[in-house]
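In what comes next, chain A is part of two complexes: it sits with chain B in the first one and with chain C in the second one.
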Partner chain A sequence: MIEIDIEKKLFSHTGEMNLKIKTSAKKGDFVTVFGESGAGKTTFLRILAGLEKPDEGYIKVDNQVWFDSTAKINLPPQKRKIGFVFQDYALFPNMTVEENILFAMEKKDKKFLENLLELIDLKALKNRKPQTLSGGQKQRVALARAIARKPEILLLDEPLSALDIKTRHILQEEIANIHKQFKLTTFLVSHDYSEIFKLSNKVIYIKNGKILKEGSPEEVFLENRISGKVKFTGEVLSIKKEDIVYVLTVAVGNNIIRVIATEEEIKNIKIGDKLLIAVKAFNPIIFKINS
Partner chain B sequence: MNKLKGTIKHIQSAENISIVDVEIDNQNFRAIVLETPETSSYLKEGNQVFILFKETEVSIGKIIKGEISLSNRIKCRIKKIKKGKILTELKLLFNNTYITSIITTASAERLNLKEGEKVEAFIKANEVSIMEIVDG
Partner chain C sequence: MDEFYQTLYITFKLAFLTTFFLFFIGLPVAYFLAYSRFKLKPVLEAIVSLPLVLPPTVLGFYLLLVFSPDSFLGSFVEKYLGLKLIFSFEGLVVASIIYSLPFMVHPIQSGFSSVPKSIIEAAYTLGKSKLETLFKVILPNIKSSILTGLVLTFAHTIGEFGVVLMIGGSIPGETKVASIAIYEEVESLNYQQAHKYAFVLLLITFFVLLVVYTVNRNFLKADKL
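Up next is the complex of A and B:
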């Protein structure tokens, strides 16, 4: 159980903002921190990591106090059981993959290292230097390095946003796997709805430093105000004009579906946009699949 | 998508299904939905809502006599025809409100549809969705 109740005054180019977050997470929760840039998401993660100090409040993890402004307790980052992965990989360029991971370990545990290399599929790359790796491979190393510390809490600050869609999907699977296998509590900053729905069971939606909405991804994002009973959220992969209408190809989970739209409807839609697709409960045709 | 704003005039519910009558520009539209006033607070007589239906669900009739099971028959005038190879888009006006229909070009030709002509638009109640209006 993680209990957080913090406050910090932030100064940015848009002026002063008060970051005020009170929330909690259970062990094993996968929490997405969502919001516009400048909402305070990264600062929130950095506060959890101990890289920034709140003005007031407390952070308790399994009844251990990590931060308490009144008791003047502030555990340094290395005393907090956290792993952190940033958008830019921040690997040591002069070290090999293996050395980068070993460096992060408190105790050099060769067996655990082998496990990690195996699990995150880095065995073949262990003697390579970071500059010879692709973006996806670098981010896998960063992930392995974060796990090497045997954290209880994994903090992911838009770790996949610089990667192409295919690599992103593969790494999402790996993150889900690691989260489960190491029984982590994970906080992810993400803007990608399909990623959020795939990975997280909880969303904290922050706006101007305050929690706007909190709950399951469905509760936070799916608008319940259309009477359509069959609803999907998806991402636009392509928009093609066919005759006088348009065909949208949309990725919904692992399925690709195609829907017809009019010129008017696609005016504000571009590739990569998230869509809510609703069909009335009366319309779908159903077939039993015989196994 | 056709999206029209109107006022709920009447709701009839049985278990989980409701028939909702919405008045738009002096014209009644009927929707059948898998919701009731108990499950959806916006389903309330007197409430303003949007009704939504896809252009491709709007059929066109000309000089139709006799009865039809379909609930929504709207007398319109064709304001604009955009003809494609397979599909044709019709901009229809009833009172002061526009709706759009997309039918096959073959049907448009068979009916010999012309701009300015009077037709009837047909929409099945089960194709009509209702959406809550949220301010801001």
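Up next is the complex of A and C:
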């Protein structure tokens, strides 16, 4: 059980902001921290890790106090049982893949190292320096290194945002795997809806430093949960007039779709606008695509 | 020993000892300057950089006053450490350490600053102390900066003139170094001897720099592999 109630004044390019977060997570939870850039997501993660100090509040993990402003307790990152995966991977350039992982272990456990290398599928590259790896491979090493110390809490700061879609999907599987196998409580900063639905059982939606919504991904992102409607959100790429209707080209996630709109509907819509497209009375054709 | 070889020996001994001591002094100073958020840091930075811009004779003059047996420091050192700092080799070493301080500190400091903050934080989140992070993560990644600091200090000490003349007084076999010897030989129109000193210095300095750039290239290459 993790209980968090913290407050910190942040100075960003948009001015002063008060980060105020009160939430909790159960052991085994996979929590996604969602929100616009500059909302305070990364700072929240860094506060959990002990890399930044809140002005006020407390953080308790299984009845152990990690931070308490009134009792003046602030455990340094070294004493918190965490694994942190940085956005830029932060691998040690002077060490090989194997050395990076070994460095993280309190006791050098060769067998566990072999397990980890197998888990991330990098056995063949264990003697390579990080600079020679691809982004996906680097991120795998960073993951393996983060769990080499056998943490209880895994903190992932937008770990997949720099990767292509295919690699991202593979790594999402691996993260889900690791989360289960090591019985971790995981906090992930992410913007990617499919990632959030696939991985997490809880979402904290932060806006301007405050929690806007909190709950399961369905609760947070789908307003009318049992309506039977199909909804997409997307961005308008082009608007074209064809005969008496208009054709909108909309980017929805990784797909580009075309929808028909009336003159009335497109009145206030211009290229670049965010749209919600909903279909009522709907009987879609469904195909299974994985064999 | 021939005075020629003796002078060269003193020159390189001075450069070697200065570099050696300055490495252990410069490293913590550079670490502090790179990572501390201490309010008065600019003051310390200015002091470290002083020898870069101050005429060596000014520095030499003040050191002469401070090191003199009549001063507090001079008498203290002489009484408790048994060291005479004026017109002695030991005094030259101390003066050179002060004079070459920025040449050791600046490259290492910029090396420290170039290390991505995230890899230092990553080491902390992996349970590593600040000291272990310094030795196993930071220093191995700034090898080329350290080498640059060492070599610049060495070369700069060989090339110093004003300070050693003021503090050392050019005593043959004790404090006379090659750069002063050249000046004295030229003054007495002994060009041939001046050539010998000059050529040896030129050759050795070039060779040292060549080695550094070759090694540095390998460091950079190794980091990429």
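Assume the second predicted complex is superposed on the first by the 225 of 291 C-alpha atoms of A that agree within 3 Å, B and C clash if a C-alpha of one lies under 4 Å from a C-alpha of the other, contacts with A are read in each partner's own complex, and residues count from 1 in each chain.
Basically, contacts are C-beta pairs under 8 Å (C-beta built on N, C-alpha and C of every residue); 3 or more make two chains touch, one makes a residue touch a chain.
Since this is a predicted model, take the numbers as computed values, not measurements.
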{"item": "Larger contact residue set on chain A - chain B or chain C", "value": "C"}
{"item": "A:Ala49 touches, of chain B and chain C: first, second, both or neither?", "value": "second"}
{"item": "Contacts of A:Asn283 with chain B and chain C, given as first, second, both or neither", "value": "first"}
{"item": "Which superposed partner A:Ile211 touches (first chain B, second chain C, both, neither)", "value": "neither"}
{"item": "Which superposed partner A:Asp243 touches (first chain B, second chain C, both, neither)", "value": "first"}
{"item": "First (chain B), second (chain C), both or neither touched by A:Lys129", "value": "second"}
{"item": "Partner chain(s) touched by A:Ile165 [first = chain B, second = chain C, both, neither]", "value": "neither"}
{"item": "Chain A partner contacts - residues on chain B that touch it in the complex", "value": "1, 31-35, 40, 42, 52, 54-56, 82-89, 100, 102, 126-127, 129-132, 134"}
{"item": "Residues of chain C defined as touching chain A within the complex", "value": "116, 118-119, 121-129, 136-137, 140-141, 223-225"}
{"item": "Residues of chain A defined as touching chain B within the complex", "value": "225-229, 243-245, 260, 262, 264-265, 278, 280-283"}
{"item": "Residues of chain A defined as touching chain C within the complex", "value": "49-51, 76-80, 82-84, 86, 88, 90-94, 103-104, 106, 129, 131-132, 145-146, 148-149"}
